[in-house]
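Each remark here refers to the structure printed beneath this line.
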Amino acid sequence: GYFGEFGGRYVPEILLPALTELEDMFFALRDDPTFWQEYLTLTQEFSGRPTPLTPLRRLSKELGGAQIWLKREDLNHSGAHKVNNVLGQGLLVQRMGKKRVIAETGAGQHGLATAIMAARLGLDATIYMGADDIERQYSNVFWMRQLGSKVVGVETGARTLKEALDEALRDWAGSVENTHYVLGTACGPAPFPELVSYFQGVISQEIKQQAMAQIGRLPDEIVACVGGGSNAMGAFGAFLEDDKVGLVGVEAGGLSFKEGEHSVRLLPDTATPGIAQGYKTLFLQNEDGQLGDTHSIAAGLDYVGVSPILAHLTQTGRVTPESAQDHEVTDAFKLLMKTEGIIPALESSHALAGGFKRAKTMRPDQHIVINLSGRGDKDIFNIARAFPQPEWSDFLQRESERAKELFEATQGEK
Amino acid sequence: MFPTLNDKLQVMSHAVVGFPNLEENEKAIAGLVESGVKLIELQVPFSDPVADGHTLVNACYDALKQGGSVRATLALAEKVSKNHPDATFILMSYLNPLYKYGLEQLFEDAAAAGIKGMIIPDMPVEQFEPFMPKLDELGIAPILMVTPNTPDERVERIAKSARGMIYVVSRMGVTGSQTMWGEEFHAYIKRIRSHTDLPLSVGFGIRGAEDLKALTGTAEVAAFCSKYIEWQRHEGSDAAAAHMKALLADANLSD
Amino acid sequence: GYFGEFGGRYVPEILLPALTELEDMFFALRDDPTFWQEYLTLTQEFSGRPTPLTPLRRLSKELGGAQIWLKREDLNHSGAHKVNNVLGQGLLVQRMGKKRVIAETGAGQHGLATAIMAARLGLDATIYMGADDIERQYSNVFWMRQLGSKVVGVETGARTLKEALDEALRDWAGSVENTHYVLGTACGPAPFPELVSYFQGVISQEIKQQAMAQIGRLPDEIVACVGGGSNAMGAFGAFLEDDKVGLVGVEAGGLSFKEGEHSVRLLPDTATPGIAQGYKTLFLQNEDGQLGDTHSIAAGLDYVGVSPILAHLTQTGRVTPESAQDHEVTDAFKLLMKTEGIIPALESSHALAGGFKRAKTMRPDQHIVINLSGRGDKDIFNIARAFPQPEWSDFLQRESERAKELFEATQGEK
Amino acid sequence: MFPTLNDKLQVMSHAVVGFPNLEENEKAIAGLVESGVKLIELQVPFSDPVADGHTLVNACYDALKQGGSVRATLALAEKVSKNHPDATFILMSYLNPLYKYGLEQLFEDAAAAGIKGMIIPDMPVEQFEPFMPKLDELGIAPILMVTPNTPDERVERIAKSARGMIYVVSRMGVTGSQTMWGEEFHAYIKRIRSHTDLPLSVGFGIRGAEDLKALTGTAEVAAFCSKYIEWQRHEGSDAAAAHMKALLADANLSD
């Protein structure tokens, strides 16, 4: 469970048995080709895998550098790569014979993916979400509840993702015997970083095959955004031994490198080694070891730690860290929409910003693959916040009144 | 010092360093000692207290704003261990603040500040093992936890490194809710005793005199923390001390 | 251009040359296998085709009848089958050398698909939308504009889809020489019904292959919802000659069969033959030939005419018409979400309602394929209207205020 | 009756049956005839008037609410053709209302009501052809449209079925905006004339006296419709008639 100095399993004693059970099962299944096939079948028939590798011909020409390709994780069922991991863990839950899953969620994407998996596989699901996040991301709460999940608001502390994660761990401490904790990213105590990377690895396995078929060789670079790190690990995994393929992780540069205004952990003078949330990695923290505040225009990148595997791969030089600031991200978002007709998530737009910048410095006979981890239209509220305009607030105002009238009409009926 | 096997039950209680503020901590601890509590955890507040219930989570959140930290905890320990030589102070912290401080240095400074034991919920026994010679040399007891789902071979390993007492997590779940002290619990205690002669400190879910009575004769220490912090939050440290005194009397645990 | 008595081309003289040019090109390309291959490649690399055929194991068991399969058009880029047709027409536009496209849109789905295609292929796009629809469906307007399309509000008449369609035709009358009108469904003047059905036919071609691979034989029935009819024609197309495969079209039964409370045109005593909007079909109309009012909980089924091909196939008995009322639709919507973790569009939920009802009467060794034409999360505002709850209106109220503050903050910056 | 080739330009104007209401139609038509207009279209309002501009679209929308219909149009035609024997009334309609009425029946009833011509913008010449013997027998002229993009062979086919006059759509686009009457337009008119000896009625984009002057000597009829309906909507039928009278005077087209 260690990657260089990072990783490990630093959890309250009560959680250890569940983690070792999960690890034992994972190690056994990891070497079982029929399990991987079962996983591939599930992702194919339910989520539409393989997702395509889309050439951006117009945009590449416009930028004048490398040929840019997008790995289309936005086309997954539920609109992001998150579902890969969740479906994989669902299979593990079935093998372990557990009937209940819990998850934490920030903006709601991982919670939604978990709710979808639970509905598909017939499991009970409880999703923990900070009370402030519920208030700001109600649309995802709406979907999770329609999917039959219980959404629990967490009122402690800052009432956001961190508190939701802690609360989910607290639930797990009392329910491990029948409950699986579906961790959403390649972080947390072992075996989660490896486990999540394993399932997300389907992304890079497909990229490899598709690059051979569509380009005729491996790409020169692969670029992914890095929040917790699951989509980056997914996009990089199969290429770790291919030294000629550059691997670039783009973090959220936010407003500036000032404390609390970004979520950059892999660049020098940002995060430092720490042990929290069950594992050792680079955390944004103060000298007293208190985890810091973060900011990103993309809720999914707004995280204080980072995958211990990526922390290690960055230290060894295999992964090149980059960052993109909020305004570069919105520019890349607009450019992709207008030039190629694809609506990216703000998270993925970090990879676009970093990838476009690099592509410009490359030659037209070079190829760069950007992992489009999710689509933007699932998050219109977040995106509208990034592009403020009065028509939107007026629309919401009217729609709020309409919704109120509609609800009152149903009350009258009863 | 720590009790020994089969001593009469005593209560361990709690301070979150910086809650409600650093000055008040001293007063509150004095009140606890006055009430008859001789084992006191000094909790370093942390931004991500995953193993605590809501009462302690919110206390940590507030304590951090008041300057709670490792250094503040050591400074407090130094004062209170001098002022209350017959009380035993245990440093309770999540790993990261201590790791950032430097574990070796922390152990040395804690010992110098009069700390006798150390509870670090997210530091498994494997991580303690390399430090055991140092800890034994400094006279600091790692108070390790066992839980109902800890397998026997692991209880054995934990017992080997444990010093002072073993912290027995009473049930699945986290601090602050109700627990039952029935047959299953007694079987669990019996199982742990078969691996160690150290006294047992039972924690999680001890909310009133009835719980203490139930544990009398079963364990040597009962951790009474969340409920005390609730008193402190809602009624102040003086009232909390008075409640504690009354509790010990109700449970027939007054000296 | 006729299908039995239906179809034809009843348009102002000025539009005839463009339609005959389009028809000539279409007929030439229809017989060119390389063109179909070009189309398949585009849909694969851009939109993720083939979409999967998902078995609904839990739901089939719960209902206790036939084995139910979903054709997952919701996994297309942009979230619905609409994009198939639009991409195909985009290829035609390129062959014709035109640089501009126009489209009409009601709830915004076809407009959004057109905007996406235009951005991808580098075309100018103008989308006509009723002023009332713009006001109610602002989220789609937001996306279309971000994609670089011009969205024009139509202020005439009832300010909805019909007026937008008329306005688009007026634009086309003045711009045919450099502009292609991207019609969104299998209606309108020839060659549109055939053209749209041709491109959507990719759906049934895939179903056929997938059924052979996954079931081992053709399905017993295929069910699709019918608005204009493009997803139904897409799902039925390749099976027209396979007499043993039942084809069922489910229309919007709305609130009741009273005039103006439904959009059912294929059942007896509903619509009558008429000639309008450029073609002859069954229209909901009064005895004076004025087109009637329609209602559906799903904006995309709320249409007064129907594909002339479906009108004909219903008359010959090849297609079985069914209808589902609003409350049956919301029940089917909830059932699919809770049992299988898939969020359907309200349009597609009509096919679900009809399909579930039929599946219950069938044997477990029979197989029914329901075409899931689109996903629901693209339309949270519409779906929230179908499931009114006070949390939603409160959320919108707060979000409106936040949006206003954010906009004011950007104004302050300048 | 219809003009003949090379007659002096005359204006054709318009009534939307039911706009602003059925009673007012009669009064408005009387005003038009009074002003000197002898060719008048009676438009059956339709729910989907795809070939009309905003002015007529909105007039149709309002007219339907006032009971505008095929039957109302025939009733109006009967009255106004009797009251104004020197005016020529043309029924203008989209196909569907007539199709629902029954085309054969409609042609007969229209002829009986004094209608002399028929403009159906969404009925192509191919659809008219089977009805030509019937129409000729009834003395109803199908007034067919040609447009700048109509190819020669199709103009030829249209000219063959056209009676009374040919409606020349002045430019690409729909009713109600500005048009230019330059060289290109004259070449277009010349091209149409090479296929027919029928008088030409130019429509779309005729908004004022300058347009009428420009068309004098080029065409036999100028359709002046949208602008008239705008006058009617904003100032009432009397004022619209007065405007029309002034217009004809300004354009030197008064009798």
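Chains: A, B, C and D, in written order; residue numbering restarts at 1 for each.
The rule is simple: contacts are C-beta pairs under 8 Å (C-beta built on N, C-alpha and C of every residue); 3 or more make two chains touch, one makes a residue touch a chain.
The chain lineup, named per UniProt: B, D = Tryptophan synthase alpha chain.
All of these numbers come straight from a predicted model, not from anything done at the bench.
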Inter-centroid spacing, subunit C versus subunit A (mean Cα positions, whole Å): 32
Distance from the mean Cα position of subunit D to that of subunit B, given in whole angstrom: 96
Rounded Å distance between subunit C and subunit D, as computed from the means of their C-alpha atoms: 37
Per-residue overlap in subunit A, given as positions that touch at least 2 other chains: none
In subunit B, residues with contacts to at least two other chains: none
Touch-based graph of the chains, sorted into line, ring, star, complete or other: line
Pairs of chains, among all present, that meet the touch criterion: A-B, A-C, C-D
List of subunit A residues in touch with subunit B within their complex: 9-14, 16-17, 155-158, 162-163, 165-166, 169-170, 173-177, 272, 274-278, 283, 285, 287-291
Subunit B residues touching subunit A - in the complex, by the definition given at the top: 46-51, 53-54, 57-58, 61, 64, 69-71, 94-101, 121-124, 127, 144-147, 149-151, 154, 158, 169, 171-174
Residues on subunit A engaged by subunit C in the complex (per definition of touch): 44-48, 51-55, 58, 72, 74-77, 79, 115-122, 135-136, 138-139, 141-143, 146-148, 214, 334, 337-343, 377-378, 380-381, 384-385, 387-404, 406-407, 409-410
